[in-house]
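Letters A, B, C, D, E, F, G and H mark the chains in the order given here, with residues in each chain numbered from 1 onward.
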Amino acid sequence: GCAKVDLQRESRVGYPEVIYCSGKTAEQVKAILEAMLERDSNILATRVSLELFEEIREICPDALYSPLARVVAIKRKKVEVPSSYIAVVTAGTSDLPVAEEAALTAELFGNRVERIVDVGVAGVHRLFANLEAIRGARVVIVVAGMEGALPSLVGGLVDKPVIAVPTSVGYGASFHGLSALLAMLNSCSSGVCVVNIDNGYGAGYIASMINQL
Amino acid sequence: GCAKVDLQRESRVGYPEVIYCSGKTAEQVKAILEAMLERDSNILATRVSLELFEEIREICPDALYSPLARVVAIKRKKVEVPSSYIAVVTAGTSDLPVAEEAALTAELFGNRVERIVDVGVAGVHRLFANLEAIRGARVVIVVAGMEGALPSLVGGLVDKPVIAVPTSVGYGASFHGLSALLAMLNSCSSGVCVVNIDNGYGAGYIASMINQL
Amino acid sequence: GCAKVDLQRESRVGYPEVIYCSGKTAEQVKAILEAMLERDSNILATRVSLELFEEIREICPDALYSPLARVVAIKRKKVEVPSSYIAVVTAGTSDLPVAEEAALTAELFGNRVERIVDVGVAGVHRLFANLEAIRGARVVIVVAGMEGALPSLVGGLVDKPVIAVPTSVGYGASFHGLSALLAMLNSCSSGVCVVNIDNGYGAGYIASMINQL
Amino acid sequence: GCAKVDLQRESRVGYPEVIYCSGKTAEQVKAILEAMLERDSNILATRVSLELFEEIREICPDALYSPLARVVAIKRKKVEVPSSYIAVVTAGTSDLPVAEEAALTAELFGNRVERIVDVGVAGVHRLFANLEAIRGARVVIVVAGMEGALPSLVGGLVDKPVIAVPTSVGYGASFHGLSALLAMLNSCSSGVCVVNIDNGYGAGYIASMINQL
Amino acid sequence: GCAKVDLQRESRVGYPEVIYCSGKTAEQVKAILEAMLERDSNILATRVSLELFEEIREICPDALYSPLARVVAIKRKKVEVPSSYIAVVTAGTSDLPVAEEAALTAELFGNRVERIVDVGVAGVHRLFANLEAIRGARVVIVVAGMEGALPSLVGGLVDKPVIAVPTSVGYGASFHGLSALLAMLNSCSSGVCVVNIDNGYGAGYIASMINQL
Amino acid sequence: GCAKVDLQRESRVGYPEVIYCSGKTAEQVKAILEAMLERDSNILATRVSLELFEEIREICPDALYSPLARVVAIKRKKVEVPSSYIAVVTAGTSDLPVAEEAALTAELFGNRVERIVDVGVAGVHRLFANLEAIRGARVVIVVAGMEGALPSLVGGLVDKPVIAVPTSVGYGASFHGLSALLAMLNSCSSGVCVVNIDNGYGAGYIASMINQL
Amino acid sequence: GCAKVDLQRESRVGYPEVIYCSGKTAEQVKAILEAMLERDSNILATRVSLELFEEIREICPDALYSPLARVVAIKRKKVEVPSSYIAVVTAGTSDLPVAEEAALTAELFGNRVERIVDVGVAGVHRLFANLEAIRGARVVIVVAGMEGALPSLVGGLVDKPVIAVPTSVGYGASFHGLSALLAMLNSCSSGVCVVNIDNGYGAGYIASMINQL
Amino acid sequence: GCAKVDLQRESRVGYPEVIYCSGKTAEQVKAILEAMLERDSNILATRVSLELFEEIREICPDALYSPLARVVAIKRKKVEVPSSYIAVVTAGTSDLPVAEEAALTAELFGNRVERIVDVGVAGVHRLFANLEAIRGARVVIVVAGMEGALPSLVGGLVDKPVIAVPTSVGYGASFHGLSALLAMLNSCSSGVCVVNIDNGYGAGYIASMINQL
């Protein structure tokens, strides 16, 4: 076959393998899915186009799809959900797809998520109006494009780990997210760590790990 | 004065401000130090040359110095230490200064640290021989230069958050740590997040936050 | 004409010229093909779209096509095949097209090929389960995108030359394969050399040279 | 001679030529200075080492030197000073040399300057404590290294033009100021424009122009 | 909702929020627009495709559209216009869309604008023939792609602030505007500051601020 | 109008302005063309799509078009042609469009051109077989993509100026022609100068200047 | 200790571990050396300064040093040497240190080496005068800086694998070897693979592996 | 020996080999020099430190040295000098070393040179004041750092080939000459070609070739 699905991953690292659909044919995705469906774990697929989702639904009618996050979730197993929650903070409206990928990942893996949207640094009073919700979280995901300044600001205001997600939102010298990525890596606030550009999934995953410690 | 020391940071984010000494004159560092010494918190200064340490010791005889990590620690306050520990895993001998900056930061902030050195991917049996110590940690810091492959490997073997620290160890196409940084950002293992090149301090800080949740 | 087909290449370097079809018109490709078909050597064309293959088939009905590898092979001459083999190791499912370009190139040039797929570092037990097949080869091709860590791992486990092929699989800070390329160039394992991003053909070619020494 | 001093610049663009000393020999600098001293305009020289200043002082005993800003100022002419002022806002202590180059340039060119230091985004209350002084200015210079987030924040809080100056303060992925530069160019706050990395002089110059409109 | 429209921005920084439409769905844009229409400020939307404009016109029939600048303007409030003007200077015909975005922004925000087109450095007599109109302005916007030389030339000829806008016009080593951007940041003329590649809007905004001081 | 056609360029620099059509609308191109047609100089337009050519032909039926070079030539004036010639040397078949843009430019400007195609360094005997034709030229244009090695080789074999044209032919680490560009700039052969990636026009222009000295 | 010397590497991959001395203290190097000296394998240390060598000689008087290659070799074991040889081909005099690192590595690991120096493409007759020696080798190492063209040329003339080593020789747009590296990765000759900039050691190692197959 | 001096180069390409001294030991330089001194051609050595010159003078007392250009010239043969001349135009005082390397190269190779210094675009009247001298040349070398705008301006004013030399003069976003290099490659003036950053020698060489056609 085209893949060796890592079926023992759940026992090894606590979570099942996740299907990254970009660059895979529908046939390949369905083959991997079928191997995973034989076990009763929850399944997450990312970077799923609407067309691909329609093919998936044929073999798996209970699959759920978020067109905003381009994510498919298949819930087959009850997961224990801790009482603490993850805050997903978004700088601007255009960053929502990445933020939603993070939020849905965290929710599927058994976490409560609080979404705080459109609180970028250009109008900082919006952030302060939402500070309580952010400070109440056990771990904070901050999603921002362009100059990527929001994680630094949040990092200086909370005493919890901040997962910064740069997005490719912007143009010109944003160089497809490079600008936000570099800013986040150079954050003068401590307590900030960074995942790949547009990697909402990765942020949701590690935040889930931390929330469930 | 040259600085507004953020004296309320400890109450706001849980840790006191830390002095980043690179690009500051000895006078500036000492002025900042004196403002901080008036309060009885623990103090950390990073990127400290031996000459600078000697100046610091004059105003603060109980300052401790690690020439390997180039870090000064001043312990003035007892900190509660949780029973769980942080593993600091190093790929090669040349990465030790960065790893030690991480370890000392975590220790000063009240954590037990387990050091696992020189277990890079070129001789992977060395990693497996130390897997138990790594898996026992609550959070894992992985320090690597050159191709920066070790965090991916560790990330696939543990069910705890991995903080990846790229180092500038290497030459030619390592481009002063860029190679390791990019590798870590693109990790195919989930559960890995990244801090700046050579930023041992930042890794120790966030690991401490997570260990103390 | 638009090209000076290097018809004496086979006698000079041991292999016939290969047609790189990207950026060439169908007319140009067919003109080159016809010049080569006059001699009875085997012919390889790479980066062939399905449309182009259909045009090629008209003038050459025995042409074979792999839609996965986007390669056309025309076998006109028996080639001696050594008993030793080449291992083609793939990190993930999305890297298969590049791996298959390598494998088919090596096979057309007279080599036995062993394919080992989807054994990336995120689930390293899959690699160990296939180590015997890899160690049995005379030369090993390793194909990986994203952080490009697999060649370092393989290089530390085998005593044979490793040809590393970075792929453009990934997004964000993978920068179209730059991340994997830099990682492979900086491998801390010795015995690893590197070809261009997505250059399965080049890897198959040099592996064939080495296998036939 | 080695230079064609642009002696008519003052009448053409309102300010005399300024001597950029980096990469010039002491002989070249002194030759240029002597040509300028023949006219009674004020003179500014930037990137001046202490050694060079000592040579300058020999031919021009009233020359003033700032070792922090590495700037020489020679005041020969009264300049009219408007009542409005320029705010020079600094993110961190290590950015002070660049900020001071800006402030001294503006002062020599006939402006009142208000300095607000060490108010970076990691402790945002420090900025709010100084907001009145910033909002009172006619034009604001913001100097920051690392992630360069401060201009975005200030830009969202004032209704005056913001001149952003990235500095080379930082390490690793700051890439000698590239990180801060990109962040500032991608500011999501309107009303922010940018000068070269470490170009305090250029910021002081354009702020002076705006303050004197 | 998907956005927290910054409705108090006008009172805080003097201008209403502006809608950046790239990467937003028509639904999102219209939701933001409706929130803003409830107050009687002027509205600007940038990066608007013809399709999007047609959707906007349905809820707002008095919206005006420039297909060249891809800008929508909705005028609901009289703005005071100072007697001084802004010059918008364009290097080549291909830079016109960006220049027009700048000019329309400035006009909507209450400024007189003088357009001087196609006066790039390859035929410098065209610039001199228009120098009077440029020198008469209170602030000058200079828009150029390729080598981005025009702002340096203009900066050496006028005694007013120059806002330089690099464009992505060019090919090959222009790297989508990087060449022009770097040139402008390194201008040997003082009095030049820079905004993002293709950011006509940002240039119009800050020029308006300066013109209305 | 949208353009200030530089009608005096011919008297100033010896050649008429040339229309660069990329990023211009058909209306803009035709307006410029009509201004130029009023004078009886020869006209060259580059980067012309087939659709644009069809619009041009309507207002100018004697316009000639090369679909390979994407160039339109309108010959209205006899030009004196020197007896010496320009050699246009091409590394591979895929470089032909750029080479042809160079050759047609030179021919329209009044030069004899000798084309030598597909003599790249991978089969160097092809170059030696054509050396006489190359050595006979007064100036040599060398067009190559990928590793861009051919100009160095030619530069070491002829005693005439070599104009090197990097092309964007290649993939992966060719980075759209950057690889060839850097190679040519670093040529260890003296007598080589370089124009922009894919700039056949620029190479033809300067070669024409040199041939007509 | 600071290192886990990989003492079983020789049995696993056929060669003992090699000490990369850059970024290690003399104490660390000597500790590693002493662990290795307890077994009777041959030892190689690279990037060794003269000062470090003098410290090494104290604990190991039979250590040999090449100041050109900055390599230390300690021969304790007879190695079988095949009759075939490795050619090490150098483009220019300044590339000699890297070439010598390759040659000495290959010799210590039990290979005959033929050195061919200063045959860069600017004077290609020098290469042809040495072609026989190159063609007689079983594997060819080609070392070049600046435009890195030589491996392509050699690759088109021999029927053996070519290991290309880019060097940091050059200035300006060579970007410390990037130019040569990119050129070699994009070689239009097949049969060329690449190691890191200045990595003579790596080239010697893999060439040895191939020569001993 | 360490070098194969290309003694037949003069007969092949018209000029003797030139010694590039950077990265060569004094011994290597002297060995090459001695081989060349046996023939009675003129000798040029570039990138020569004062120390190296002193060693050269010992074996060659008639060697001349320019500390500004860091060039050694040994004149042993009369060269015919054409009546036409080369203009070497410099943007700023800091660019003089590169300009002088170009001028001295051209003079040694038998050309009259006219130097026009410090006529950068920030004070364009200085250029116009020297236009006659520039227009009188047969070929023009233009040397500029920072934004590298001068070649475009000159290219639009003369009807002769322009050789553009970017210099590493500048700081911050000049990236060691990259900014000037990109600007020159993207020149909107035709008739401009480019050599490597700081490559005065290469510009002088090709200008000499053109002047002697």
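The criterion applied here is as follows: contacts are C-beta pairs under 8 Å (C-beta built on N, C-alpha and C of every residue); 3 or more make two chains touch, one makes a residue touch a chain.
Computed from a predicted model, the values in this text were never measured in an experiment.
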Quiz prompt | Chains touching both chain B and chain C | solution = A, G
Quiz item: Which one, D-H, G-H or B-C, has the same contacts as F-G for more than half of its contact pairs?
Solution: B-C
Quiz item: Out of B-D and A-D, which chain pair has the most contact pairs?
Solution: A-D
Quiz item: Using mean CA coordinates as chain centres, what's the chain B-chain F distance in Å?
Solution: 56
Practice problem: Starting from the mean Cα coordinates of chain D and chain G, work out the distance between those two points in Å. | Solution: 50
Practice problem: For chain A and chain G, let me know how many angstrom lie between their CA-based centres, rounded off. | Solution: 45
Practice problem: Mark out which residues of chain D touch at least two other chains, giving numbers and ranges. | Solution: 12, 92, 122-123, 155-157, 172-174, 178, 181, 185-186, 190, 196-197
Quiz item: What are the touching chain pairs in this one?
Solution: A-B, A-C, A-D, A-E, B-C, B-D, B-G, C-F, C-G, D-E, D-H, E-F, E-H, F-G, F-H, G-H
Quiz item: Once bound in the complex, which stretches of chain F touch chain H?
Solution: 12-15, 18, 138-139, 155-161, 163, 181, 185-186, 190-197, 201-203, 205-206, 209-210, 213
Quiz item: Which of the residues in chain G come into contact with chain H in the complex?
Solution: 92-94, 96, 117-119, 122-123, 125-126, 169, 171-174
Self-check item: chain D-touching residues of chain B, taken from the complex the two chains share
Solution: 1-4, 6, 8-9, 12, 17, 20, 22-24, 28, 32, 166, 168, 176-178, 181, 196-199
Self-check item: Residue numbers on chain E that touch chain H, as the complex places them
Solution: 91-92, 120-124, 146-149, 152-153, 155-157, 170, 172-175, 178-180, 182-190
